[in-house]
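The next part holds the structures, each set out as structure tokens.
Shared between the two complexes below is chain A, which pairs with chain B and chain C, respectively.
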Partner chain A sequence: MITQLYELFIAPFAEFAFMQRALWGVIVLSISATPVGVFLTLRRMSLTGDAMAHAILPGAAIGFLVSGLSVTAMTIGGIVAGCVVALLAGMVARHSNAEEDSSLAAFYLLSLAVGVLIISSNGSNVDLLHVLFGSTLALNDDALVLLTIIATVSTLALAILYRPLVMECVDPHFFKTVSKLSAIAHYGFLLLVVLNLVAGFHALGTLMAVGLMILPAAIARFWSNRLGGMLCIAFFSAVISGYCGLFLSYHASLATSPAIVLVLGMLYIISLIFGRQGGLVFKNNS
Partner chain B sequence: MQSGGSYYCFIVVYLIKTDRVIIMIKINNLSVTYHDDIALHNINATIENGDLVAVVGPNGAGKSTLLKSIMQQLSITSGSIDLGGLDLKNIAYLPQSSLIDRTFPITVTEFVAAGAWQRTSFWQVFSRHEQALLKQALAKVDLENMAQRQIGQLSGGQFQRMLFARMLLQDADILLLDEPFGAIDAQTTSLLMTVINECQQRGKTIIAVVHDLALVQRYFPSTLLVATDLVAVGKTENVLTQQHLLQAGYQHFAHCAVHNSFNNPSLEIKNKSNLKTANSASANNESVIS
Partner chain C sequence: MFKKICSSSAVILGLTASATVMAEQKVAVISSFSILGDLVSEVGQEHVVVTNLVDVGDDAHVFNPTPQDAKAISKAQLVVINGLQFEGWMPRLIGAANYKGVQVIASNGIDVINTKEEHEHQDDEHEKHSDNGHDKHNDEEHEEHEEHEEHEEHEEHEGHEHGDTDPHAWHSIKNVKIYVHNIAEGLMQVDPKHRSEYQQNATNYIQKLDKLELKLTTQIASIPAAERKVITPHDAFGYFARDFNVTFLAPQGTSTEYEANAADVAALIKQIRHENVKAVFVENIADNRLIEQISRETNAKIGGKLYSDALSYSDKPAATYIQMMQYNVDTIVAALKN
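And now, the complex of A and B:
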């Protein structure tokens, strides 16, 4: 019995190096991306995250054009493109109210179109699929090292930015009157979003990376009304989904990143129904 | 108005007092224009250190604009505001409408703690001293038993009290309050008024936009009446006269001002206390002269 369980749940990760790398990648990403995702959803900027994820695509595509499937080139391209859209989106968020969502939608449709155009006219469909949906099981050492470095930098930066960021989220007017860090908190945070999406796209692809950021945060909101609690729940739901996604992908031969995001999606639906904070079942009681 | 004699003494005391007051805010020929609309026109006023000033005027008179100009949140068309060497960090500003995200998962204590930002900044641990100050601030606005609640669970009045607690923790020299009693009940208003009075006693300079003229008469020693142009500024009883109110465009209230009561019985008490202060002041006055 125990051997069977071992065979089923542990063996794939114990025996295959590519599974270990994939699991490492997902855990590292969960540490750095989920807290960023929690702040994104709390600031009602989920759509901004999505827009930036799409914006990374043309940057990565240009990096790919210049130097082939080089992790570094694609990362730099992605960061540059992401920052451009982050700046635009940030300016939109700070200076206009009415048309924020439509201008964000415009940004990401434009970016996506440019990205797909570049890749499809210069690469193969396989390349396009790789960039769009990632290849968790094909993470090489370079990608893993880069992912870990980005995640470390991002987590440390978020720890330093934590207090200003909370102030900026809760009462930006007040924060502006007492501190000059308001703009730094805002744009620094957007930069962290970009960094995490770029790190995420190596493992999950540009389109799915945002899933590992937003979905755990959306799940956490249904279970805790404390910021600390939300950060923990988001992290654990991401790690559990990462494991389950890899597990499903291994045994059922499913594409990995959609499998991870699907597990997250199922957790989300369960939380939506049974969540203690505003879940459908408990809504009448709270 | 009381008898001419005591009224006269009051002015004399006021003049003597102005000899040694420190001017906190000096507004020189301030004009603010939004696009083509004139919001404020040639405002001249000085606000003394430790004064409690009500800014009064009809809707669209530029009251909020005045506070925002002091906060440098909008560009002044002409004129200047002199803060006497103080920097914006010495001003605590409670705007009329703010962008506070009431759904953010944060407790009342954490929210109020933000008031200590300039002393703790983004890295320092909250010292015992700061924690004691925080508790004190919460106690003053009667929110101790709400300390661990989420800010989203507070009622309108409780929320306003929480904003006051944060302001107390800020411990700024000047308090600018834009309609602090906007949508709250009489009980909360009187609690917050007590807090404001305490602040004044501790030497803070307070400027508040207030709509309720009875409240102004009852609690605010000085008033600045504005209707795009400055109508009058000075002691409340000299400013809120029928002539001034009519000039500012208050038809209804101006009529009430003749009886000098705004239908508020508590005002008589205020007048009596005025009489007392005037009497004791005249006694002081004599001793000064002799």
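And now, the complex of A and C:
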């Protein structure tokens, strides 16, 4: 019995290093991306994550064209492109009449168009699509080191920004009037979003990385009212989904990144129905 | 059906086209990718100008055509494609360019590998080839060809990009001889003035291919049949495997478009460990990180780079089709000998 369970649940990871690496990548990403996702949802900026993921594209594409499938080049390119879009959108929003969402939408669409242009004008795309849709199973040493560094930096930075960010979530207008930290908190936070998306796109691909950031936060919202509780629940749901996604990918021959995000999606639907905080079942009873 | 329409329109347009061609003017030929382009220039020599849509070193599975490509096609007198659903983007591009000239499907008439019953099929083929030689070949080819055409029509309705057939037919020198024949036919239609030259060039080139085939077969024969097992990123070498009796395994399917999943990668690693495969190879067009990962987990070492779906630039070792085949065989033999 125990050997059967071992065969089923542990053996894939014990036997194959690529499974260990994939799991490591997902766990590290969960540590850094889920708290960022929680703050994003609390600030009603869930779709900002998606927009930023698209904004990264031209940077990654340029990095790819300059030095091939180099983790460093694509990371630097992605971070630069993401920061430029975030800064421009933020500045336009702060210094003009335009709302932040519309300016962000404008800049990310521009960025996305530039990215597609760069990719297609290079003639052909030697599986850049794989880069965009993720290669969880092909995480090499460089990528893992990079993921870990980004996770460390991101977690530390979030610890420093924690207080101002909470203030910003609770009452951004009040915070803006009483403290000069508001701008720092805002831009610092956007930088963290970009960092985590770039890390995520090495592990899951640009589009799926947003899933690992936002879905755990959305799940956590149904189970806890407290920030600490939400952060914990988000982290654990991301790790569990990462494991289950890899497990499914191994036993049921499914592509890895979508499998992980779909497990998250199922958890979300379960939470939506049975969640203690505003889930459908409990809402109707009370 | 499709072929009939194609050839009848080809005759009419071929005549009108050739009438307008000036005496010294070269025939403008579009080939879908670099390997076909090399074959066309071998047959056409100084009478043709060849443009490859998918350039040297790029991946034809995921190519995005531009308006320039459509423009080039609309000005061309001959379009040469591989067929077997290799260039899924090509019918749309030809439609968009409103090209109605001669179209050569180079793989017409070859002995097709069906990927669905790949394993049984491959084994059968091995025996056939080693036992019977070339004699029976033509009849079989004919039958298979007709089967295949029905197949193709059927699939076009369903809109598949890659069918149940393995399109990488140029890795068999036997097939490429048919390719050369088809290309020569197309050129003769478009440019009847140089008929005899095209015929002669094709014959010369096929002689070269014969020699190459003989040489490569002896080279491969120096490795015991049981040890001829190699890993490549995507399944491009089915025809090579059949001709030379080498077993190829790949984490991706026959197209680089497919996404690898954990189950397949794990199965492949188990197989490498179990069968004691000695070498894994990287390809010029594919994402090689997965292969590096597999190499790290097994005893198989990376044996070098194989050229699968594109030639190299002229400063690299696979600038022509013949060089490419020679280079691939050299690389495989060197890796397996150790």
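Assorted remarks:
FYI, the second predicted complex is superposed on the first by the 249 of 286 C-alpha atoms of A that agree within 3 Å, B and C clash if a C-alpha of one lies under 4 Å from a C-alpha of the other, contacts with A are read in each partner's own complex, and residues count from 1 in each chain.
In this text, contacts are C-beta pairs under 8 Å (C-beta built on N, C-alpha and C of every residue); 3 or more make two chains touch, one makes a residue touch a chain.
Model, not experiment: these values are computed from the prediction.
Overlay on chain A: chain B and chain C fit together in the combined arrangement.
In the superposed model, A:230 lies in contact with chain B only, and not with chain C. By the document's definition of touching, of the two partners only chain B reaches A:172; chain C does not. In the overlay built on the shared chain, the residue A:140 is in contact with chain C alone; chain B does not reach it.
Once the two complexes are overlaid on the shared chain, A:160 sits against chain B while remaining clear of chain C.
When the two complexes are superposed, the chain touching more residues of chain A, out of chain B and chain C, is C.
In the superposition on chain A, A:256 makes contact with chain C only, not with chain B. After superposition on chain A, the vertex angle at the CA centre of chain A, spanning the CA centres of chain B and chain C, is 150 degrees to the nearest 10. When both complexes are overlaid on chain A, the residue A:2 reaches neither chain B nor chain C. In the superposed model, A:12 lies in contact with chain C only, and not with chain B. Our summary of the superposed model lists a minimum C-alpha distance of 39 Å between chain B and chain C. No residue of chain A touches both chain B in one complex and chain C in the other.
Across the complex, chain A is touched by residues 54-55, 57-60, 62-64, 66, 256-257, 259-266, 269, 285-290, 292-294, 296-297 of chain C.
Residues 71, 88-89, 91, 93, 95, 98-101, 104-106, 110-111, 114, 117-118, 121-123, 150-151, 166, 170 of chain B touch chain A in their complex. Listed in rising order, the residues of chain A touching chain B in the complex are 42-43, 160-164, 166-167, 169-175, 177-179, 181, 224-227, 230. Taken in their complex, chain A has these residues touching chain C: 12, 15-19, 21-22, 69, 120-121, 123-127, 129-131, 133, 135, 137-140, 246, 249-256.
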